[in-house]
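Heads up: the structure comes next, in structure tokens.
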Amino acid sequence: MAVATKTLLEVAGLHVHLGESHILQGLDFAVPEGGVTALLGRNGAGKTTTIKAILGLAGRSGSIRFDGQDLVTMKTHAIVQLGIGYVPEDREVFAGLTVAENLKLAERDAEPRYELVYQVFPELKQRAAQRAGSLSGGQQQMLALGRALLNRNRLVLVDEPTKGLSPLMVASATEALARVAEASTVLLVEQNLQVARHLAQGVVVLDQGRVVHAGEVAGLLADDALARRYLAVGVEGGH
Amino acid sequence: MTRTRATALAVFVVLAVIPFLEVPLPGLFDRPLNRPGTLQLLALCLTFAGVALSYNLLFGYTGLLSFGHALYFATGVYVADIAISRWHWSLGAAIALTAAAGVVLPLVLGAVSLRVGGIAFAMVTLAFAQAGSILVYKNPGGLTGGEEGLGLSAAGLPDFLVGVANTPYLYWIALAYLAVTFAAGWWAIGSRPGRVWQAIRENERRVEVMGFWPYAFKVLVFTFSGFLATAGGFVYLLLVGGASPEVTTANLSLALLLMVVLGGAGTLWGPALGGAVYEYLDYRLVKLSSSSAIGGLPGPLRAPLSEPLFVLGVLFILLVLFFPGGIAGVAGRLRRRRLGRAALPPTTVDAGDPVQA
Amino acid sequence: MRVLNFAHGTFLTVGAYASWSIATALPGLSETARFAVAVGGCLLVGAVVAAAVEIGLIRPLYNRHVEQVLVTVGFALALTALVQGSYGADPKPYPSPARTQGVVSLAGATIPSSRLLAIAVAVAVFLAIAAFLRFTRWGLIVRAGVENRPMVSALGIDVQRAFTLVFAIGGLAAALGGALGAVYFGNVAPDRGTQTLIYAFIVVVIGGLGSFTGSALAALAVGLLQQFANYYSSVYLHFSAAGDLAVVLLLATVLLIRPQGLLGKGT
């Protein structure tokens, strides 16, 4: 059915402990090159921790191979320099810096794509001199996505980009994600099933620190029982 | 718990009979245990064990890093000395005044400095202590004796507290101080406020959410430990027979911190042991540094080793980097190994950046 | 950076003694050249020692603030004792250039030139650090890193290297302060670093942690208050500690009214 594509990111036996708790208990999944893979699951299933573990922001053991290279022993900044972008869950823009400074800090490529960023989010250009801390939540999300658009990333890790956004902003963020996905592979954590189904082809479902389902989005959506069990929503309810 | 209590009791009994033991411990002490010189050193060790224990209530149990604990110790030394030697008050009246100062001063200064937390709190307590130190050095109205210090006038003291022959009494006073401090500390950390202190150390926000007002509990522990330190200062005054301005300096506050870390913060007996060991080492290192063994070394080696603070400083760095639990931590690890239990499963997570789940 | 560095005062001492050693070891050069070489050398030593402290002591204890304080305390104790052991506990006369020992007439007042030198250098250092933070990429990294260090590394930036650089700059500035202090006092002394550090802490808390301009303003206010109080109290009250006590009183007042400091942001 699906053409066998090259695997860009391969996670095997990934464990994360935080204090006493064993958050990730041996994850195995793969992200094919190109397109969007959605990482789904209930709250507390370990989605955000998975993203942070890939980036080296959480202590981890196991194997994480990016284009054949093992990330587990690498430091965060070196991992990112391989061409991995990150849009964190709570935006994490630098409140004391201006919008322009936030973008400048994120520059990694020799020719950062400011035209693209400003084309998708014209507001960022207008507010270049404004402190990021005084932006609305939606504007901060634009900035966080803008940081990821700025560089030619091979893989972009996006953590709940539509959380807490107005419906209008959700549409805008979805469009931006589509633009990101044109050039990069995207691993997307998303609670909003509509957005996930619109953008993603592949899907990985986590429950209590384990992978309970991996396959194509269409398959998951066809299986109402599965969706109900692991996502706390029925597919119909997601409409 | 009962076994711990029995152990503590046994230790205190052994310590109490030391003045009757004519036992030579060559290498450790120059003279037998019951000689005044040895008893005086041991009494100083006991006193600083108590003061370190008081500081540990603040630092180890509540997580408040104060750099001004010497101020409250110095309050005990100077207020009592001035009352007895300058104003010729009776011992009872001097004790009452010192006790009052030992409550009011930490209460007021704690209330102010606890308006800030963390690093700022450390800086502010240091600043207050420094003001006290400057005041003592400047000798206002000829009260403190400035750099010379202020000898304790024997006239106002009962006979049994005066003279070399009475060192055993002073030793027992120091032991009583340590015992009372130990018991008070034990009682306090098991009490309701004591449990709130430990909760503040773990997570202050959560204490707030539980409906407590952390500030009040922090002022309470600050005052309580300040008062115990003042009492220690008073015992020190009796032991040494005078006040010298060095007890007001930041160096003493840092030494208290060293004692607690050496012993292991957050346990009751660890810092007490740390205080005693530190005081003993401090005394012996000064002797060692002027000894022939060091004097015979070549220059580049001799210069650092003849400075006790250099040795202590290096020791301290190594301790923090390699034995974070201090003596208590090492003892705990040994005990677990002896019990044959694997010392906690090896963590696959090294302490990297803090991450929310 | 949220590192309470008790070794910072030691950098000052190290700088002062480094410049003293260099200056006294170069009898051949002219006075001014000797001073210039001594200051240049002490900057280098200060920066190197500070960077070494950051890499060797502070970095292994990343995010463990209390332990960081403890190791820097240990380092400060050890190094001060080392300086004392090698150079002696007593102050040593500092070979300042004659030009800095004169006086200058300015608007009717006679001012010792060592004071003017100190003021000029302090202003220059302030402007240089402010410009560094404001306009360079390193400064940008530092400002962002203070706010959210993991996120800076998640943008592909080696934040550790930037923080080592900040430490080196701090060490360099402290060493410069040490050399200037030596000119100002006419000697070098082993415990001056620690003494100065306590004032630095007071100034930083009054100004507001993390506010660079706040620190500079507070330094000015604290210095003026201390000098005026000292002057008037010694003239009228024959008591010379008033300046230091007034400073601590100011600290207490600021904390009561505005715990976050003059220009500090709310917690």
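Residue numbering begins at 1 within each chain, and the chains themselves are lettered A, B and C in the order written.
Criterion: contacts are C-beta pairs under 8 Å (C-beta built on N, C-alpha and C of every residue); 3 or more make two chains touch, one makes a residue touch a chain.
These numbers come from a predicted model, not from an experiment.
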Q: Considering only C-beta pairs in contact, identify the chain pair with the most of them.
A: B-C
Q) If you average the Cα atoms of each chain, whose average lands nearest the overall Cα average? A) C
(Q) With centres defined as the mean C-alpha position, give me the chain A-chain B separation in Å. (A) 52
Q. Distance-wise, how many Å sit between the C-alpha centres of chain A and chain C, to the nearest whole number?
A. 44
Q. Just curious, how far off is chain C from chain B if you go by their C-alpha centres, in Å?
A. 30
Q: Could you tell me which residues belong to chain A and also touch two or more other chains?
A: 57, 76
Q. When you check chain C against every other chain, which residues touch at least two of them?
A. 150, 153
Q. So which bits of chain B are touching at least two other chains?
A. 351, 353, 355
Q | Of all residues in chain C, those that touch chain B in their complex | A | 2, 4, 57, 60-61, 63-67, 69-71, 73-82, 84-86, 149-150, 153, 194, 198, 201-202, 204-205, 209, 239-241, 244-245, 247-248, 251-252, 255-256, 259-261, 267
Q: Could you please specify the touching residues of chain B with respect to chain C in the complex?
A: 63, 65, 112-113, 115-120, 122-124, 126-128, 130-131, 134-135, 137-138, 140, 250, 254, 257-258, 261, 303-304, 306-310, 312-317, 319-321, 324, 351, 353-355
Q | chain A-touching residues of chain C, taken from the complex the two chains share | A | 137, 140-141, 143-144, 147-148, 150-159
(Q) Going by the contact rule set out above, which residues of chain A touch chain C in the complex? (A) 55, 57, 75-77, 80-81, 86, 88, 92, 94-97, 101, 104-106, 108, 147
